[in-house]
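I've put the structures underneath this note.
In the two assemblies presented below, subunit A is common to both, partnered first by subunit B and then by subunit C.
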Partner chain A sequence: MKCKVCKRPAVINLRAQNRGLCEGCFDRYVLDRVEKAIKRFKMFTRKEKVLVAVSGGKDSLGLWDILARLGYNPTGLFVDMGIHRHGHSERSRKVVEAFARSRGLELIVESLADWWGKGIEEIGRRVLCPTCGMAKRYLTNRTAVEGGFHVLCTGHNLDDEAAVLLSNTLNWQVGYLARQSPVLEAWHPRLTRKAKPLVLLTERESALYTILRGIEYMDEPCPYSRGATTLVYKRLLNQVEWRSPGTKQRFYTLFLKNKGLFEGVAREEREGLKECERCGQPTWEGLCAFCRFVEGSHGDRGREVPEGDQVRP
Partner chain B sequence: MKCKVCKRPAVINLRAQNRGLCEGCFDRYVLDRVEKAIKRFKMFTRKEKVLVAVSGGKDSLGLWDILARLGYNPTGLFVDMGIHRHGHSERSRKVVEAFARSRGLELIVESLADWWGKGIEEIGRRVLCPTCGMAKRYLTNRTAVEGGFHVLCTGHNLDDEAAVLLSNTLNWQVGYLARQSPVLEAWHPRLTRKAKPLVLLTERESALYTILRGIEYMDEPCPYSRGATTLVYKRLLNQVEWRSPGTKQRFYTLFLKNKGLFEGVAREEREGLKECERCGQPTWEGLCAFCRFVEGSHGDRGREVPEGDQVRP
Partner chain C sequence: MARIVMEDRVWEVKRRMNVLRFLQREGINPEEVLVIINGKVVTEDAVMEPQDQVKILWVLSRG
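== the complex of A and B ==
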């Protein structure tokens, strides 16, 4: 297969677009798609302070690299959740630190143990992705707000977003649907704007970019993520994608076009918000999810305010 | 495995409900589910004239049998579309006629060739499911309206509805989502009410019912349906169902609970309707889909009014 643009040997076949691209044209394609996402969804400008949440995986390191190359001068943030099994957190941290050093990029490291005295493995009988994610969002949001960053970027790609969308749709989680977006404004002084600049790139494209750039990344998934439902939805969508290339992209972008359907729900949810009795963060309960978590009432997590449940204990 | 109700040996394990049922209790369960669907969605009463579209497959023959047992006194309608490949239409018709005779039920037989001079195989280069479905809906609707029936029932089961819902959702077909319903009122004098009484039963339950009742049915699918996208979506949903029993039911019933989201779209679509220049049926184009089909302009089918595009040429 040859590159559709310059006829050199292709390194990837973009089936959804029915064209192959060589290494150089693919690199330009990736930068263009990210710049396009940033502009189209009004994520941030070159004058704003950008924080990138990096896990050490291919997506977040690739994103950090891309933003630096596009001239956004982003700071990295690694949050050590204290996952000692298979040395996961330690190894991830080393990968991130090595990358930052090699590129001369600024890196902030935070750890759950420093904030709370315990790592995620010391809570309850097993590590649950929703709890871990909630605590991680708390730390990343708080670091962004206190550091004066205008926006917090995460490495979610199209496959991630489409899988979450499928999950939200299969369960008709209209509140989640109302909030799912490539960019989420900071609608409270204790929240930061969130953006997902890889949202127009598939997982395959994002992975290939990181590999071609020679970036050393953590290629083992979190030892607790095995069997996560999101992976099932990704596999399902890949089956449809194989049969009808472009399905994932269409599913996600048509959803964004029709987001107005959920505007009423979003408004109702915002109007129903109270402030957490302990920390003052927006919540629908007396205590927000993080405060309940900290106080040890893990049995009844209640309803979490995704992207908006970070506390200042 | 034993029957949860009476402890006899179970014939089916209803994983979504975490219980097995024996033959007798399963039979009662099926009748109850159908009666429940008819009542909950206000489909029809025992005083109304009910027409059942029967293809000869397990779902439609099972439905006809159930409605008769529940005391609804339904008339069957078989539409011969002229699918001669593998003798499909001929064999299906014989199966339906034999069933009607054995039960002493009234059967109406219509054929596309009688109405239009040609069978579906004589149109274009290949038989397309959407065209065939549209023509079939035309004939069934017209037969129901002219025969003075209050309602036209089809054998769509939960798997059918969930697969269509998944397709409509993956493509964010908001117009289709607004119209997808277990019962659709006749909002025009030339349309009949449509109902799907098997909507609370899975394909597996519907098939087992027909088998246990000893009903001879046409067990070969239409020779043109191979590779139909709906089958792909059914397989995908079955994969999720296997992992999380109850997903299909939840997906469909939560959608119905949230149908209000699409009410604005449904209203807009109804308000945008015109009448077909040739036959007067509701349509969004100058000519409705069936008239365009009849006039041979198959290349540009335009937008069809599903469930509402039947003409009187």
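== the complex of A and C ==
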């Protein structure tokens, strides 16, 4: 197959658009798609301070690289949760640090141990994800707010968003549906705007970009990950995509068009919110979920203020 | 013989074969992989020749 633009050998067949692209034209296509998402969804401008949450995986490192090339001057943030099994946190951190160094990009490293004195594996429970995810979101948001960043970017791609949308729809999670968006405004001074600049790229396109750019990424999932449910939805959608190219994109963008249907749900949820007595974060209780956790009452996590748009891992 | 590697799976294919035909034979959805022949990313209409080194990368993150 040849590139539709310049006739060189194609590296990808974009079946949804009925065209192949060569390496150079695909590179331009990726930069255009991300710039388009940033503009279309009014994510941020070149005058704002941009923070990118980086895990070491292909999507977040690719995103960091793209934003830097587009001139957004992004700072990276790696949150070290202290996952020592299989050297997970250490290895991810090394990958991120090496990338930052090679590109001359600014990197902030936060560590749960600085806040809690130890790593997440020591919570004394077999299932880490709910607490780990809560603490990671808290530290990420807090770093963004206190660092004066206007926006926090994550590497969620179209496959991630479409899979979450399918899951939220199958379970009619109207609260999550109301909040699922490529950009979430900060609705409280202790929160930052959140943006997902890769939403117009499939996971396959994102992976190809990272490979073609020669970015070394962390290929192994967290040893505690039980990401099986999302994976099932992704694979189902890819089966439909193969038979009917463009399905993922239509499913997601038509949902965004019709999102008004769920308006009101998100607003209602915020009624009765207070501020955490210890850190000021919005919460329903006296202390927010993270402060309850570090103060040692993590047997009772409390109710976390829903901010994201999906069922927690 | 073309040597095809996908994570811990390995195939040896004697004759030239179209990438798409191979993926379909093995029940692999082309939407979920990238195929690299002798270090070059190719589209699914490419042909694997007997001396080729082929790598199939699964693109969905599991984490």
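In this section, the second predicted complex is superposed on the first by the 273 of 313 C-alpha atoms of A that agree within 3 Å, B and C clash if a C-alpha of one lies under 4 Å from a C-alpha of the other, contacts with A are read in each partner's own complex, and residues count from 1 in each chain.
Please note the rule applied: a residue touches a chain if its C-beta (ideal position, glycine included) is under 8 Å from a C-beta of that chain, and two chains touch if they have at least 3 such contacts.
Because the structure is a prediction, the values reported are computed rather than measured.
With both structures placed on the common chain, the touch criterion links A:Ala98 to neither subunit B nor subunit C. Once chain A of one complex is fitted onto chain A of the other, the partner contacts of A:Asn171 are limited to subunit B, with no touch recorded for subunit C. After overlaying the two complexes on the shared chain, residue contacts for A:Gln239 are found with subunit B and with subunit C alike. Residue contacts after overlaying the shared chain place A:Cys6 against neither subunit B nor subunit C. Looking at the shared chain after the overlay, A:Lys257 reaches subunit B, while subunit C stays out of its contact range.
When the shared chain is aligned, subunit C comes close enough to touch A:Glu203, but subunit B does not. Looking at the superposition, the partner that touches the larger set of subunit A residues, subunit B or subunit C, turns out to be C.
By the document's definition of touching, of the two partners only subunit C reaches A:Asp159; subunit B does not.
Contacts of A:Gly20 after superposition on the shared chain: subunit C is touched, whereas subunit B is not.
Common to the subunit B-facing and subunit C-facing surfaces of subunit A are residues 239.
Residue ranges of subunit B in contact with subunit A, taken from their complex: 169-172, 174, 229, 232-233, 236, 239-240, 243-244, 247, 250-251, 254-255, 257-258, 261-262, 265.
Residues 1, 9-13, 20, 23, 57-59, 159, 202-204, 207-208, 211-212, 221-222, 225, 227, 231, 234-235, 238-239, 241-242 of subunit A are the ones that touch subunit C when the two sit in their complex.
Within the complex formed with subunit A, the residues of subunit C that make contact are 29-34, 40-46, 57, 59-63.
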